[in-house]
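Data block below; observations after.
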Amino acid sequence: METVGSREAQDTARTEAFSDGVFAFAITLLVLNLRDPSTSGVSLSQGLINEWQSFFALVTSFITILVMWLNHHNMFSHIDRVDRRLMLRNGILLLFVVLTPFTTSIVAGHMTLPDAGTAAVVYSGNFLFIAIAWNVLWRYCAKGRRLLREDVTDAEARTITRQYLVAPLGSVVALAISSISGLASVTVVLAIAAFYAITGSHGD
Amino acid sequence: METVGSREAQDTARTEAFSDGVFAFAITLLVLNLRDPSTSGVSLSQGLINEWQSFFALVTSFITILVMWLNHHNMFSHIDRVDRRLMLRNGILLLFVVLTPFTTSIVAGHMTLPDAGTAAVVYSGNFLFIAIAWNVLWRYCAKGRRLLREDVTDAEARTITRQYLVAPLGSVVALAISSISGLASVTVVLAIAAFYAITGSHGD
Amino acid sequence: METVGSREAQDTARTEAFSDGVFAFAITLLVLNLRDPSTSGVSLSQGLINEWQSFFALVTSFITILVMWLNHHNMFSHIDRVDRRLMLRNGILLLFVVLTPFTTSIVAGHMTLPDAGTAAVVYSGNFLFIAIAWNVLWRYCAKGRRLLREDVTDAEARTITRQYLVAPLGSVVALAISSISGLASVTVVLAIAAFYAITGSHGD
Amino acid sequence: METVGSREAQDTARTEAFSDGVFAFAITLLVLNLRDPSTSGVSLSQGLINEWQSFFALVTSFITILVMWLNHHNMFSHIDRVDRRLMLRNGILLLFVVLTPFTTSIVAGHMTLPDAGTAAVVYSGNFLFIAIAWNVLWRYCAKGRRLLREDVTDAEARTITRQYLVAPLGSVVALAISSISGLASVTVVLAIAAFYAITGSHGD
């Protein structure tokens, strides 16, 4: 009754929906890193101001996950169908996305402490793993046009491949400057997200 | 195989689904602000009564997010398609929605304390940002009928634009009276939600 | 392009999806009530056995929410379309569903303590509110066949109305015996869920 | 207006979506088991290294739930329609899936302590229950081809029945060696997931 094509379209839709769920949950769980500062013995307003690094880290992670969601969505619009290998690679990507609320809490909790460098290594390192998993996922789809839609030209595919390299390269920079300044490292992560927020618009 | 129209419809559906996920998740996370009061050395029933402000804040936030979800849904029924700029603006809106469980815990934890005013500033301030992000989102869609559906008349669009102004104006009121009474400020937020619960019904 | 019918079908689908999201999140958040007992100075196995009431409360709440999800699903299969009033009533129902992880933690934490009765009042009281909200929702749809599908007979609608009365009546019983035995009260809640798990099967 | 077939397809879709929600949410909640180790009096980097068993347990649970999601998806592609009994059996399966973040935190918190064996019993025992619930679910569908799609051959169904036996048998092994080595027990759970990640690919 159901055609092969419809089942394949359903597979793609379900993979997108599962990924969307994980993106949406991870982005919302970020809020659990914010705490009522009133127990620390300062006034509420002073306590919230002292927590500025938690807000900065939350906003950076939120925007990064949001832009990832947008681009994930965009990537899937170039894919004709999903297979199990793609689903597994996508799963590895989601594993590192799920870690983001944890690495965000680490960097937020240590940004003003002596070990800010270590915290920024954890934070930017996680985004480096995300960037690598992302490129592995895309190259799996694009190699020999394995899973690409017919209407995606080779030139388009090459442009995307090039653009996706900015994330791992940028993350390596963020990782490298972690020991100098945790704050600068997080700012580089935010800049990478801004890059994709702008360049990713080719499809619209 | 897939037409441009169908991909666009899919984009809209996926943006709605992602937003719904964040709304549903944020609304459910509110429950984590409620705590077993028994460790505070009073009886369970007395402890729960003492926590009345947590319940009041939870119900206010729940109803506000619920009505926002209803209206978000309604707004999207006027939109023909989504583009990347809309998705980014929608993302900013969701950022402030995600903060709601945190600001709710702040106002609930301080409503009966001397710094209730500061807490109410945080709470109503977050809803002010939500209201601004909401208006930015709608005006982006409505400007020059950029993303509106053909069957939405100019008069309808103007009515919606006017109605959406109640939220930022009301939130400014809530913010202004924060320093006088935290409880009154939260009540204004609840009144705004009630306004939209009633007026938003034009579409049905 | 889109017909009125298709938009209405979409509204119904989105309301169901939002409700499903809240049911799924609330059911999963129940797990956060379980704690590693090893800090309480007993062995891990003894600690887990001492936590039996947490598991019992979790299973009871899980099964109740699961059966509610099934019946919610079933209720919506009798509904032709949703309107805003239905969405608001549905939202009130979800508010009490969202409270379930909290009331479950209360009853789990106090079942073996002197104030087990108070805890059971909170727990069964929440389910009573759920049952009332549920009946209000259904009666709104069924009154004068307001939102019913054409193929639902009046006899079917009356049967459902009668069946839905078991939940509020049973919850009143659970509430009434709370002061005698918290455990018995939770068992009645579980029995109500079992009733609906069985009788609800008429549709299949 | 709506045909019976379309309602049935919708039922199946909604059951899959609810299950996907629980899978996606449970997989994301795993991150809450990770804690900032800096309060334990060691440096951040040392603290994170000391937490290796938390990461190992998280990765094992993540991959297991991910592969379960993939196979759940695959199982449903063989099912023609869902009925209430299937939904209840599916619910029992989800109950044990929801417990995974808890059992993961238990095994992560005790892997290097004397009671690692007890913790591994809890962890592998939960996966044994999952495996049993899974087999019960599948056998309910496959018995006398009750809910199977017409295009699924008897040989295919038998192959799946055989493959699904690996999980309970493997979990019994994981359970049996728990008392010898908690780490070995978790590794067996990971090996079972790897088995399904590979063999499950028949459908693609």
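Note that the chains are named A, B, C and D in the order they appear, and that numbering of residues resets to 1 at the start of each chain.
The definition used in the following text is that a residue touches a chain if its C-beta (ideal position, glycine included) is under 8 Å from a C-beta of that chain, and two chains touch if they have at least 3 such contacts.
These numbers come from a predicted model, not from an experiment.
Asks: Return the chains common to the contact lists of chain B and chain C.
Replies: none
Asks: Copies chain C and chain D touch; is their interface built from the same residue numbers (over half shared) or different ones?
Replies: different
Asks: Using mean CA coordinates as chain centres, what's the chain C-chain D distance in Å?
Replies: 25
Asks: Could you give the separation in Å between the centres of chain A and chain C, each centre being the mean of its C-alpha atoms?
Replies: Roughly 36 Å, centre to centre.
Asks: Using the touch rule from the top of the page, what residues of chain A touch 2 or more other chains?
Replies: Expected reply: 17, 21, 25, 32.
Asks: What topology does the chain touch graph have (line, ring, star, complete, other)?
Replies: ring
Asks: Taking the top-of-page definition of touch, could you list the pairs of chains it picks out?
Replies: A-B, A-D, B-C, C-D
Asks: What residues on chain A touch chain D, complex-wise?
Replies: 1, 7, 11, 14, 17-18, 21-22, 25-26, 29, 32, 83-85, 87-88, 91, 94-95, 98-99, 101-102, 105-106, 109-110, 113, 115, 118-119, 122
Asks: Note which residues of chain C are touching chain D in the complex, please.
Replies: Interface residues on the chain C side: 5, 16-17, 20-21, 23-25, 27-28, 30-32, 34, 36, 38, 43-45, 48, 59, 62-63, 66, 69-70, 73, 77, 150, 197, 200-201, 203-204.
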